[in-house]
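Quick one: the structure is below, questions incoming.
Chain IDs A, B, C and D follow the sequence of writing; residue 1 opens each chain.
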C-alpha cells in the first residue's frame, strides 16, 4: 500500500479546490453521465466536437470525491483541442496507468500523471477512471454516427 | 458413540437372519410403503385389523439393512394381537427409545428393546424407525375412516 | 447476572485481528461492523476444530465421523434457533441474508404473486430486500411499492396503512434496523398491520439480531432473515427463520441433493423441513462457526450487548455533534436506533473521509451502503458510516472524532 | 517436473484429521472423498489468516483492510479461473455446485425455456443436476428427458442423438464423472452434439475437477459447475465457470447487494460480470480457502493427482474383485473411470457394510448417493461406495478389503 501522500498530492488537491472546466455546455455534441456503482457518485461530461472531430469544448459536472473531481478537471485540460483518436489514445494510457503501468515515454498525460499513485488504492481506481470512462462513452457514441477525419 | 456390539446384538441378528412375519397379506385392511430418503430403503407393511380394530395379521416386505429388517420382524411379533390404541402407544414408546428415552417400566417392547442401542447411532435411527413409521401411517389411515372401539 | 455490563476489553482480547496494527501502523480502530463483524477466537477455533477433528459430509453417512459432523452441524442450527426463538425445522441455512430473501421471493412469490399484486418494501431497505422483489415482480406482473422515510429517518406508516387499505398487498418486507440510518422500525406494528390486511411479512433483521435481543415471535413476521458474518460468525452463511407451518406449504426454491424425499424421472417429492430448503451440501463448518458465535453472544448477554451499543452510540452522536457543520442522519435518540450512524460533511466527500481517517487506523464505510433509493430520498450520492460492536470502546469512538479533525486539517481547512 | 509422482504420505502429513484415530481407536481410513474431501493445513491456514489479519467486507470499502480483503478474495477467483481455464469474469462463486446448477436453471431456463422444450439430462446424474431442471420445467412447461445408462455404466449416446434429432432440445446437462459409477463421460462429444443441434450444455464437473486436469474449453460446455469441499477446499463455496459472452446476456438470478449497477424504485440495472451473479456478501473466507486448495493441487500437479488415482483405483478394483460375490458397478478399466467405486454384496446391506467397516476405522458411504434414478436403473435401493483422493495410500485400499472380510465374518458368514 502506498502512503496517503501518494494519493492526495498537492496537484490533485489544487484541481479539487479549483476545478477547471466545471459546468455544463449549452450545445454539446454529446453529453454522457457515468455512475460509480460502488459509491453512487455520478459525473456528467459534455463534449463539443468541431467538424474535424476535435474536442473544442468540454465541461464536467456532478458530485464526487477529490479523486474523481480532480481527475475530471485534469482530464478536461489535457484533452481540450485533441482529436478523437488522440483523446482515445490518452484514455487508454490513463486506464493502463490506473492498473499500474507507467505511461509510454512519448505520451504526456499532463497533470493527470499526479494520479499515478491511485493505482495502489484499488478502491479509488474507479473514482479516477470515472470522468475518463464518461469521455470514452461520449466519443464512442459520436463515433458510431460519424467517422473522424483521419490525417487530413 | 456406543460400540458396535450395542448395535448388532445377537437378538437383532437372529431376527435379521430369520425374519418373522415376512411377506405380504392377500387381503390387508391397509398396506403402506415407507421409504428412507437417506438411503433409499423401502418397506411395505400390510395390516389386517378385525372389527374391534385389533391387529390380527401383519406382514412386512421390501429391502433394507439388518436394523430395519430386524426392527420389522420384532415389531410384527410385538404388535400382533394388540388394539390400535395399544399399538399406537407402542409406536410412541419405540420412537422415544430411538431418541434415547428408556421405555416406561410398565411397557414391554419385547425383543425390540434390543434396539435401544441404535439411539447412539443417529444415522441408523431412521432405519429402526422405518417399519414403525409405516405402521403408524397404516393405523392413521384406517383411523380416519373408522373409529376404534374404546374400552368395550 | 443482573445488570451485567459488557466488558469490551475482554472481548477485544478474544478478537485476534484487533491486536494487529492497521496498514498505517496505528492500532486498528474498526468501526465498520455494520458491513461485517470481526471474529473472536471461539468462532475460529470451532471451525478449525471441525475441519481437524470432525469433517465429513452430513446427514447421509453411517460412519462415526459423519455422525459427529452431522451432530455439530445440527447443534449450530439448534443454537441459532434458540438465539432467535425459532423452531429448528423453521431455521433454514442460506449462504447469506440476501439468499434468504430470494428464497422467500422465489419459493413463495413466484407461485403466489399474480399480475397486479403489490409487494410493499420501504425506502430505507438494503438492496437485498428490494431487488429480489423487483425480479419476482418482473416475472409475475406484481408491483413493488415503497413506504417513504420522513422526519429524522422514520417510516411514514400512514402511507403503509393507505397501501394496505387500497391495494392488493400480498407481502410487506421491512428492515428491522436500517443499515444507514440506524432507525429501529416498529416491526411488530408493521407485521400486525400486514397480517390484518391479509398480507405476509418478512423482516430483514441483519442489523438487529447481532445487536439486540430479537425473537421471531416478537417481530410477528412470517419470515425473518439475518446473516452470519455480521454477528461474529463466518462468511458463507445466512439464516431464514420462519413459521414452519407456512414454509411447509411452499414449493422448494433450489433443487438438488439433501432436499428430496424421492427423485423419479417423472418428478420428485421433497424432504421434511428444514432440509427441503437446503439443497446441496450445506455450509457445514460455517454453521458450526455461527453456533459458536451465538453462544459467545449469549455469554455476553444480549441485553448487555445492547446496553453497550447504546452507550457507544450516545458517545458517537456526541462526537459527531461536535464536528462543525456535520449532518447526522437518523433518529437523535440512541434508544431509538441501532449501531449504524451515517453522516456527511459539506467540505469532504465520504470517500475522502474514509480514506483520510484510515491513515489513523480508523475503518469507516463510505458510499451508498446498498441503499440507493434511500440515498436519493436523502438527496446525497453517498454518506460516511461508522458502526460499533461488542469489541469497540469509547476510545474507538473518540479516535474517529480526532481523525475527522485531522482529515479536515489535511484537506486544507482548520 | 516430468513424471512427477504424487507422494501421498507427504500429503497425509499436511492433513491434520488423518493423524487422529477414528472413533473406534483405529487409524482413520477415509475413503469417502467423493462425498467431501479432507483439508490440508495450507487451506485451513489461509482461511484462519484471512480472519485474523484481513477480514472486512469486500468491494466497497475504501480503507486498507477492505482493500486487502478484496485482494485476497479476488485472488481466490483468479486461482480458480486459472485452474479450470475460465475467465475471471466468467467464474462465479455460488454456495455449492448445486446452487451453481440452479443459477443456470433459473437465470437461463426460466426465461429461455417454453412449453414443449426439452432439457436432456442422464440417468447417472446427481440429484443436483436433475431436480433444478424438473423445477424449472414445472414452471415453464418444458420436459426433462433422460439418457439411459447401458453396459458397464456408460451413456447410450444413440438415445441422445435421437433426442437431439427429434425433440426441441434446448439444454443438455451431463455429469463429467459419475459420483456412483465413476464413469468418465465423453463430455466434449456430448457438448458438441448439443451445440450442433442448437442446444446449450452444462457439465457437472464436481467429481472431475478435483481429480484430473479439466478445462472449461476442453469440456466444450457453455457452463461447468463444481464444488469447493470436494477439492480440498472449505464448505460453503461452489463455482460456475461459463462463457462470459453467454452469461452477459442473461438476466440475474439472485437479487441484492453487490450485483447491481443502480437500484431505483422503478427498477434496477446490473453490475458487470461476475458480480451480476453474486448477490450479497460472497463466501469471502471460503474463496480464500478454495484459492489455497487450488494452489495446493497445482503444487501436486493434476497429472500426478490423476495418475495416483488410477493407481489406487486399479488396486481398489482388484481388492473388490477378490471379494466373493461382490458386484462392482461402472467401467472395469481404471483409465475410463474417476475415483468413485460402488459395489454390492449379496449378503450384506450397504448400511451394514458401512457400519461394520467403520469399526476398523474405514469410512465408506452407503446409500443412493443422491442418484435415485440411477439406483432404479441398476435395480438396487443402495450401494456401498469407496472413493480415494490424494491423501490415500494403497494401505487404505487394503484396509477396506480386510474390513469387508471381517464384516462378513461378524455377520455370520466365513
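Remarks
To be clear about the criterion, contacts are C-beta pairs under 8 Å (C-beta built on N, C-alpha and C of every residue); 3 or more make two chains touch, one makes a residue touch a chain.
Source: prediction; values computed, not measured.
Note on connectivity: the fewest chain-to-chain touch steps from chain B to chain C number 1. For the interfaces A-D and B-D, the C-beta contact count is higher for B-D.
Centroids of chain C and chain D (each the mean of its C-alpha atoms) stand 31 Å apart.
Remark: chain A and chain D have CA centroids separated by 46 Å (rounded to whole angstrom). Mean C-alpha positions place chain A and chain B at a centre distance of 78 Å.
Distance from the chain B centre to the chain D centre is 38 Å, each centre being the mean of its Cα atoms.
Multi-chain contact residues of chain A (touching two or more other chains): 1, 38-39, 121, 124.
Within chain C, residues 23-24, 60-62, 64, 66, 260, 262, 351, 355, 358, 366-367, 372 each touch two or more of the remaining chains. Those residues of chain D lying in contact with chain C across their complex are 16-17, 20, 22-24, 28, 30, 32, 35-36, 38-39, 44, 47-48, 51-57, 60-66, 68, 94-99, 101-102, 105-106, 110, 123, 126-128, 130-135, 138-139, 144, 146, 227, 229, 234-238, 251-252, 254-260, 262-265, 267-268, 279-286, 351, 354-355, 358, 362-367, 370, 372-373, 376.
Across the complex, chain D meets chain A through its residues 59-62, 64, 66-67, 70-71, 260-262, 271.
Here chain B touches chain D in the complex through residues 1, 4, 7-8, 13, 17, 38-42, 63-67, 69, 121, 124, 127, going by the rule given at the top. By the touch criterion stated above, chain A contacts chain D in their complex at residues 1, 35, 37-39, 121-124.
Chain D meets chain B in the complex at residues 23-24, 349-352, 355-356, 358-359, 366-368, 372, 375, 381-382, 410-412.
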